[in-house]
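Two complexes, one shared chain (chain A), two partners (chain B, chain C).
On to the complex of A and B.
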């Protein structure tokens, strides 16, 4: 079932000025509930504009945005309520921390939702746990933490609002490989346990392949491709023509095919590549009686 | 080859370190960076990479140990301010966020900011600015407003601002981290050109393994100390060791490593282009 539906959405920046830029051109898109959807496309492809459509930061020039069954612009004065439904974590969210303690910072969103003290406490601990923040850290000032830890606090603050949909813009940017795995792994675990729909904007094809169920590719203000990882990454030609790439492992697999190795063309993780090559090799050994 | 930057048993602790569990940011680090070399520094967050960079151009001074830049000791706490400027002129630095490094409202004025402050005569400033913008491929943007440029373009303007001061060495502290793949490619191409054509020594701090493989030498940091050092080939052929430092290897090496174990093969590990990598795997499984 789709939880978000965009129907023929168009948006132009700086309309009727010399700087007029069409950012979304008649885009229609469905986002499935409970899945992690990756959104790729290079700078200027329209992906940030698209993301800002989802919680009413931007209003389309034409077309409708339906979130959880409701047209979000039906009552423009109520637009703020959609922001509780769609939690958004911007790029480098660690610059947005402000409270005296980590705990207060995470509690800020739920407090604004006028929840009971008890409920707030429960949510703070729960989201802190998902993001790997220990009890001791909760009492510290967010400004005393390392960049990676601050990122987790900002993420926990949005998770604590229990949004139905969580949108993350480059959640792992600037982190080391281990930090990337921890943050993205934590997001996946959170989805598994809470059933939240997650949308991740990223430039890393390898991360997309590892953590997303579906991938949406944008190019030139339009949707270029939309499907499961397998479907999207098997279109390597189309992606490359549009200045994007497939995961490195897929390129190795495609090269092996070029060299006459009979391996499927829709492999996009190292694990699957190892499996496919191993079974080929074992078959061969069996045939030759080795 | 003579060394342009040399660290000898350098240790450093941030003064307000209660929150860092009393750990050393740098612990007994020795490092040689030779003139004309392209050195990549890898390491987990908090491994001391940025601290090392800040010590190299005197943003910080070490608690113990010695640092030499172009043969001159710079770890002396009592150094005169004019001498400090002389060091910084030799060792330029480009940071992560392009928006934090641009001061002027016109691209060429921003590039001129450094040489102006060094007291370079106006006619020479003009010449240096034009040259620097040409090197980074931003000449046609000389009169543009920086805030309308893309991240990669802004970062190249920041680099031009450093080149205009004619440094011997440039340190890039995760300068590609905030850029998209296209911007990253632009900046990496610029860095390679500076190294190969302008003969500027490069220190590149990065989390991207595919940038590090372009270097002459890779240094891996872990918990404030040097953990590994060698050519990209030497370093990336030890995936287990890198994993233990919280890092990773390119997927092609991960694949070969896993196949070697799974199928009892002996494909040598190393940094290969796609074609070589596929050829090695093909030969091994068809043997």
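On to the complex of A and C.
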């Protein structure tokens, strides 16, 4: 079932000025409930704009945004309630931290929702745990933390609002591989336990292949491709024509196919590649009678 | 909250005014300012209005862009003008009277001319100093014009560098502010309801991150400048040297002629003057 529906959404930045830029061009898209959807595209392809449509930070010039069965701009004054439903973690969220302690910062969102003190406390601890923030860190000032830790605090701050849909704009940008795994792994674990619908914007094809159920590819303010990882990454030709890449391992598989080895072209994780190659070599041994 | 930064934005172009030396433009703007405050005769105002109109057309900056830049200031202009209507006292018969409020014909004319004065001033200064001049050119021009002050040991270069940096970071900080606001809005922040104290408190989650990032940026910028061996103005050369051209001479002559024209009109057409 789709929880988010975009219908013919268009958006232009700086309308009627010399700096006018078209960011979304008649985009229609459905996002499925309980899945992790990846959104890929070049810088300037409209991903971040699209994502900011989902919780009403930007208002489309035309078209409708339907979240959870309701047109979010039907009552513009109630737009704040949409923001509790759709939690949004912006790019480089570590720069939005402000409170005296990590705990207070995570509690900022739930406090705005006017929850009871106990409920806030419970949510702070729960989301801190998902993001790998220990009890000691909760009492520290957010400005004393490392970049990766700050990122996790910001993420926990949004998770603590218990949104139905969690949107993350480049959650792993600028982190080392270990940091990426921790953040993205934490998000996946959170989804598995809470059933939240997650949308991740990213540049990294590997991350997408590893953590997402579905992938949406954007190019030039339009949606280029939309499907499961397998469907999207098997269209390597289309992706490459639009200046995008496929995961490294898919590239290896494609090279093998070029050499005349009969391996399926819809492989996008290392595990699958290992399986396919070992079954191929078993076949060959059987054929040769070894 | 919306940020209208069109006042003070560079408008890319290749017009004659774009190509003038920034120093010429600064001199012209100063002359224009003097002219407009000296002007008394209605003919002088007509002359100045025509000049503004012609320069706007010459610059090829769309009139709509300029009007949009004026929009936020219209309230101030209107307020000043209306105050003037009530404050002017004249000898002639009042046009309208109600208790202590009296309106004279002179008051209305004064108010109109005052509004015209402010609008002409705003349009001409923004046209010359921001729509057609990049901030870098402008500060280079100021530095060069103030160069004689170096003789009395004033840190002219440092002052110009300070201005360049400040101007350079206005769009960056505007951008950053709206990003942080969006992020806090996404966490349910509400900036537009409640009393004064509640609203002021709601700004804390924006101001603190903004300060933190400004300090971080300042620090990074200082390091980057030091890495490139910046050590002040002494012996520093430039990629783009300012050079006066023939058109600049015409610019100076025009500036002088404008001021002279306004003064002459004041003297010989004084009977049409209304400003007190």
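Quick note on the criterion: the second predicted complex is superposed on the first by the 290 of 290 C-alpha atoms of A that agree within 3 Å, B and C clash if a C-alpha of one lies under 4 Å from a C-alpha of the other, contacts with A are read in each partner's own complex, and residues count from 1 in each chain.
Keep in mind that, in the parts below, contacts are C-beta pairs under 8 Å (C-beta built on N, C-alpha and C of every residue); 3 or more make two chains touch, one makes a residue touch a chain.
Everything numeric here is computed off the predicted structure, so don't read it as measured data.
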Touching partner for A:13 - first (chain B), second (chain C), both, neither: neither
First, second, both or neither for A:158, with chain B first and chain C second: second
Chain B versus chain C as contact partner of A:84, first or second or both or neither: second
Chain B or chain C, by number of chain A residues touched: B
First (chain B), second (chain C), both or neither touched by A:247: first
Contacts of A:284 with chain B and chain C, given as first, second, both or neither: first
Shared chain A contacts, counted only where both chain B and chain C touch the same residue: none
Contact footprint of chain B on chain A as seen in their complex: 42-44, 92, 140, 144-148, 173-179, 203, 206, 243-245, 247-249, 251-252, 255-256, 258-261, 270, 273-274, 277-278, 280-282, 284
Footprint of chain C on chain A - complex, ascending: 17-18, 52, 55, 57, 80, 83-84, 87-90, 93, 95-99, 108-109, 112-113, 143, 157-158, 161
For the chain C and chain A complex, residues of the former touching the latter: 6, 11-12, 65, 176, 179-180, 182-190, 204-206, 208-209, 212-213
Footprint of chain A on chain B - complex, ascending: 19, 43-46, 96, 150-151, 174, 177-178, 180-183, 207, 210, 246-248, 250-252, 254-255, 258-259, 262-263, 274-275, 277-279, 281-282, 285-286
